[in-house]
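One chain, subunit A, links the two complexes that follow: it is found with subunit B in the first and with subunit C in the second.
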Partner chain A sequence: MLASGIKSRPVYGRLTSNPQARSNIMVADAEGALAVLDMVADAPDGFWARTHILYVPGGSAAQDHGAKLAALAPFSWHESPTVPAMLPRLRALLGAARMGTQLYLAGTEPLIGEGIRVAGEFGVDHAGVRTEHRGSLARRVQCVHCKGITESVTMSIVPCAHCGRHLFVRDHYSRRIGAFQGVMIDAEKPGDRPPAEELYR
Partner chain B sequence: MELAFNEETFRDDFTFRNSPHAIRRFPFPFHEDRYMYAVNIEPHVPGPKGSVYEFPIDVDEHYVSEMRDRALVLREDPLRCQALPHMMTAQWDLLELLMTAMARDYPEHFALTRDGDRWHWINRPLGLDQRFVFGDALTLPCEPMEYVTRQSQGDFALLDHRDGNLWMDAGMITTQADWSLDFDIGMNFFEWHGPVPLAHEMGVFERALKYLLELRVGSPVRRLNWTMTVNPRLDTSPERYPSWGPDRLSLTPDNIGRKLHLRVELQSFWRLPRSNAIVFPIRCYLISLEDLVTVPKWGRRLPRVLRSLPQQLVDYKGLTRYRDMALEWLARYDDGAATSPGGAPD
Partner chain C sequence: MSIRPRSSPVRVAEIVPVTPFVKRFRLAATDASPLPRYSGGAHIVVEMRDGGVVRRNPYSLTSSPLHDGDYEISVQRAEVSRGGSVFMHDRVRVGDTLAVSAPVNLFMLDWRARKHVLVAGGIGITPFLAQMAQLSAEGRPFELHYCIRSPERGAYREALERCFPGHVRFYCASKGERLDVTQLVASQPLGTHLYVCGPTPLIDATLEAARAAGWPGHNLHAEHFAAPPSGTPFDVYLQRAGLRVYVGEHESLLEAIEAAGVEVPYLCRGGACGQCETAVLGCDGRLQHHDHWLTTADRAAGRKIMPCVSRFDGRELVLDL
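After this line comes the complex of A and B, so read on.
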C-alpha cells in the first residue's frame, strides 16, 4: 500500500466483493489480476456470473494471469493491450450500467486513476469505487506548464514527453486528471538540477 | 477619499506603485514579531474608514490595471477560469454578491438596477453597460462567474458543500501564489491544501473546515495569508513559473528594497444563498520593502518575523534563495525598539 504525507494522494484498500451488488465491473492491470484472484475465497455464490472483467496484462504478460481470470467464468471477459485501449470498453459498460452496479479497480496507480476519472464522467462517486494497488509504483505525470501527460514515470525528475522541460514529480495528485503534478525543476536557474532518483518503480 | 485609478503594469516593465494612501492602508499581516500557522479567522465586519476592511468588497487604486492584467492572463490561458457544470447556481450567487456590494459601496463607479429578473449593470471605470436576465447565462457575453470576476479584484474560488466537505468546483484564478486551478479543480478542502507543510499535522485544516462548514448567509469571515514575490507580479502561477522563477536570482543588495514585495492575501469566505456553496475571494495586495519600511513599526517587525520562520515554511513560500539578503537589507530598519500589538501602523 502507498502512503504519503500529502493529502491529495489517494488511499487504496483491499479488494473485497460487494455482496449487495446486482452487477460488478472489475478492471485490473498487471499484478492487479492477483488482487482479483484473491477475492475468489470470499466471493458470494454466483458472483462471477454477475461480473464483467477487463484486463490489461502490461508488465505481467509473461505470467498469463489473464487465463486464470478467464477461468473464473465471468459474465463477460476482455483483455486489452493497453489502458487507453481498454477505456472505451469501460465507458460502454458504465454507460449501460444500472443501479446496484459495483466498480472495482486493481493494479497500478495509473490504471486506478484512469478508472476513477472515467467513472466520474458517468456520475460514479470515487468514494464508492473499491480499489487495491498492486505492482508498479510508476506514475502518470501532468506537466503543469504545457498540460501534457507523461506515462510510466519511475524517476523523481523526468523530461516532459511533450515540451521537454525537466519536471520534478510532486506527490500532489489530481483525481480529475488522474495524474501527479510535474513542475519544472530548474526554472529559476536553467540547468541547475539535482540528479534524478528512481523512486516509483 | 476620492478613488483615482493608477495606470500601471504587473508584468514586463512593472510600473505598479502604491500611493501613500495605499501604503497606509496596506493589510500588514503580522500582529506580533513572529509567525506560525493559526486558524486566524475572524468575522468579516466593516473596519475603519479608508481601510481595506471599510467595505466588504474592497475596490482600490489598482482596480483598472488589475482587471487589464487579468484579461491578458485569460487571453494566454483560458484554463485559469473554469467551472464544473453543477456550479451554475453558485455562479449567479457570486454575480449577485459582487454587483450589489460594488454598486452599494462605490456608487460613483458602479450602478445596478433590478426589475425582477431584468438587471442593468454599469461599470464606469471599465466602460461597461450590460443589460441581462438574471439566471439566463445566454444574456451575458460569457458565464456569470467569468463576467463578474473580470470586473472584481482578487481571485475567486467557488466551493461546493457536500459530504461534510468543501469541493473546489469553480474558480477564476489569475493572481495566485503558485497553485493551479486547472490541477486542483474538483479537489476537496484537504486535497487542495495537500502540499502545505506542517499545518496538517497541527490540525489547522480540520479546525478551519469545521468552522467554514458552519458559515451562514450574511455572516462572512476573513483571514490574512502572506508570501513574498519578486517584482510586483500578480500572475505567479505554476503554469508560468518558467517565466517568473528566474526573477528570484535577479535580486541584489542594491535592488532588493525596490524589487522584493510582501504579498498579502485577504481571504474571505461567504455562504451563498441559493446554491449553499461558499465563495472564497483571495484578494492580493503587494508592497515593496522600500514602501513597507516607511511605516517604522513594519520595518522593525518584518525582519523579526522572517528570522522566526521554520525552514520548511521558508522553502514552501519560496523564500530560500533570498531570505538572508532581505534580512540584511531590513536590518537597518530594526532599532530593537518594542512594537505594539496588532498589525496597524502606530
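After this line comes the complex of A and C, so read on.
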C-alpha cells in the first residue's frame, strides 16, 4: 500500500559534526540520543563546549540516555517532557543564534519534522540541517480533508483523530507543516476499505 | 529545455550621466504594450547593431520592479572595452531603437531570509538598486555594504543615502577604507542571506570568509560581472552545421558562432546560467574554461564547454552544433 517514488518523502543522513560551525544546536528525542553519542568519536576538539543540547526522552525514558548526553558537558543542556514543550527553547536558541550555527536533529520523524519546520521560521534552509532518523517510524499525519493532525500514526489505514475519516497515509510530505498527508480511502464507496496494516512502527 | 530570450524593440527615452564613467539609459516600449515585469536582480540582454557586428551585453535592471514602466540600466564604460559599453556610451542617442531580451533573474533574493546582507563592488551595485526597492517596500531587514574606488566613482551614492538611510555603508578605497568581510560575516543573525556582486576578488574573498565562518552554501549568492575574456584567435568546427568558424581575439566563441548564423541558447552570456552548455566532440588542445557553471569533474572530463566565456588553445576543436 506504500505509495513510492514521492519526492517530498524526506531522506535522512547520519549525524556528523560540522567542523566549520562556530556553535551547534543539537536536538534529539528517544533513541536519537544514541546518534548524538555516536558522534563523540568524530567531533573535533572543543565541540561540546560550543554545543547546546535539547533532549526529549519520549519512548526511551527508561534508559539513561539523558544522563549520558549531559555527561558530554555541553555549553547548555535541557531535557523536556515532550516535543511541543521543547520547541519554545529551540525557538529561543535559534532566535539568538548567529550565522555559523549548525542545527542537528536526531530521533523520530516528528521530532525532525518539527525541528525543520521551526528552523524554517528563522530562515534556516532544511537542506543545511543535519539529521539522523533513529527509533520509531510513527508519523504525524495531516488529514487533507479537515486539516487536523493525528500524532503517532503507525497504521495505514488510520482514522483521523479529528473528523474520523479513514485515511490512507501517503509518503507525500509537507515540510511547512511537518506532516505526511492522509487521504480518505473510501470516498467513492463508503465503508469499502482494505484492512489497516501496521507500516510505521 | 533550452530558453532563448525573445528580443523586443525599445526606444532610448533618456540618457543620464551618473558618474564620469557610468551612464543610465531609460528604455521605453515602442508601442502601448507595457514591458514585461521583473524582480530585483534581473538582467536584460541588450542587442546593439554596430555596423555589421551584433553585440549582445547583459545589464542588470536598476529601475524599481514595483511598478510597470520603462527599464533602466546603468552602463559603466569599460576600461578595456570589447565594444559594447563604448558603443552604449558614445554611439547610442536618445530616440534610438535597441533590441532587448525579456528579463531573466539569475540573482534572486531568497525571501525566506530573516535578513539580507548585500555586498557591492563598483558597478556591481546595479542589481542591488532594484532589490533594495523591493526589500525596502516589503519592510525586510537589509544592509548594503558598497565598496567604491573614490567618492566621485561611487555611482548612486547620494541616492542610496537619501532613499535607504541607515541601511547603507560605503567603503571608499581612496580614503583608505575597506570592508572587513571576516568581521561582516561573523556577526549576522541566523537565517541571513548574503549577496555579492562586483569584481572577482571581492566575490571570492566574501564567499571564502562566509564559508570559513560556517555559512551554508544556500545562504550565499554571487553574481559575477565578467565580460568574456579576450585571447588568442582560434578555429572551431561545428559538426552539425558543417561549418568552420574563426573566433577573433576580442570576440567570444558564442559571438563568433552567432555571427556565422548558428543559434545557441543563452541567458546570461557571463558563464553563470548554464544555458549555452555545449558538447565537445573533439579537442586536440586545451579548453580554457572561464565559466562558473561546469563542475570540476566536468572540466576534468573535457567534454563540455560554455561558449559564452570560454575559449580554446590548440589545433582542433569540434563542437556538437
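Heads up, the rule we're going with is that the second predicted complex is superposed on the first by the 197 of 201 C-alpha atoms of A that agree within 3 Å, B and C clash if a C-alpha of one lies under 4 Å from a C-alpha of the other, contacts with A are read in each partner's own complex, and residues count from 1 in each chain.
Just so it is clear, a contact is a pair of C-beta atoms (placed from the backbone, for glycine too) under 8 Å apart; a residue touches a chain by one contact, two chains touch by 3 or more.
Please read all numbers here as calculations on a predicted model, not as lab measurements.
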| item | value |
| --- | --- |
| Touching partner for A:G148 - first (subunit B), second (subunit C), both, neither | neither |
| Residue contacts on subunit A - larger count, subunit B or subunit C | B |
| First (subunit B), second (subunit C), both or neither touched by A:Q102 | second |
| Partner chain(s) touched by A:Q20 [first = subunit B, second = subunit C, both, neither] | second |
| First (subunit B), second (subunit C), both or neither touched by A:L94 | second |
| Contacts of A:G59 with subunit B and subunit C, given as first, second, both or neither | neither |
| Contacts of A:V124 with subunit B and subunit C, given as first, second, both or neither | second |
| First, second, both or neither for A:S174, with subunit B first and subunit C second | first |
| First, second, both or neither for A:P159, with subunit B first and subunit C second | neither |
| Set intersection of subunit A contacts, subunit C complex versus subunit B complex | 127 |
| List of subunit A residues in touch with subunit B within their complex | 5-9, 127, 142, 144-145, 147, 165, 170-177, 181, 183-184, 187-190 |
| For the subunit C and subunit A complex, residues of the former touching the latter | 112-115, 185-193, 210-216, 218-219 |
| Subunit A contact footprint on subunit B (complex, rising order) | 79, 163, 180, 182-187, 190-195, 200, 238-242, 245-246, 248-249, 321 |
| Residue ranges of subunit A touching subunit C (in the complex, touch as defined) | 18, 20-22, 94, 97-102, 120, 122-125, 127-128 |
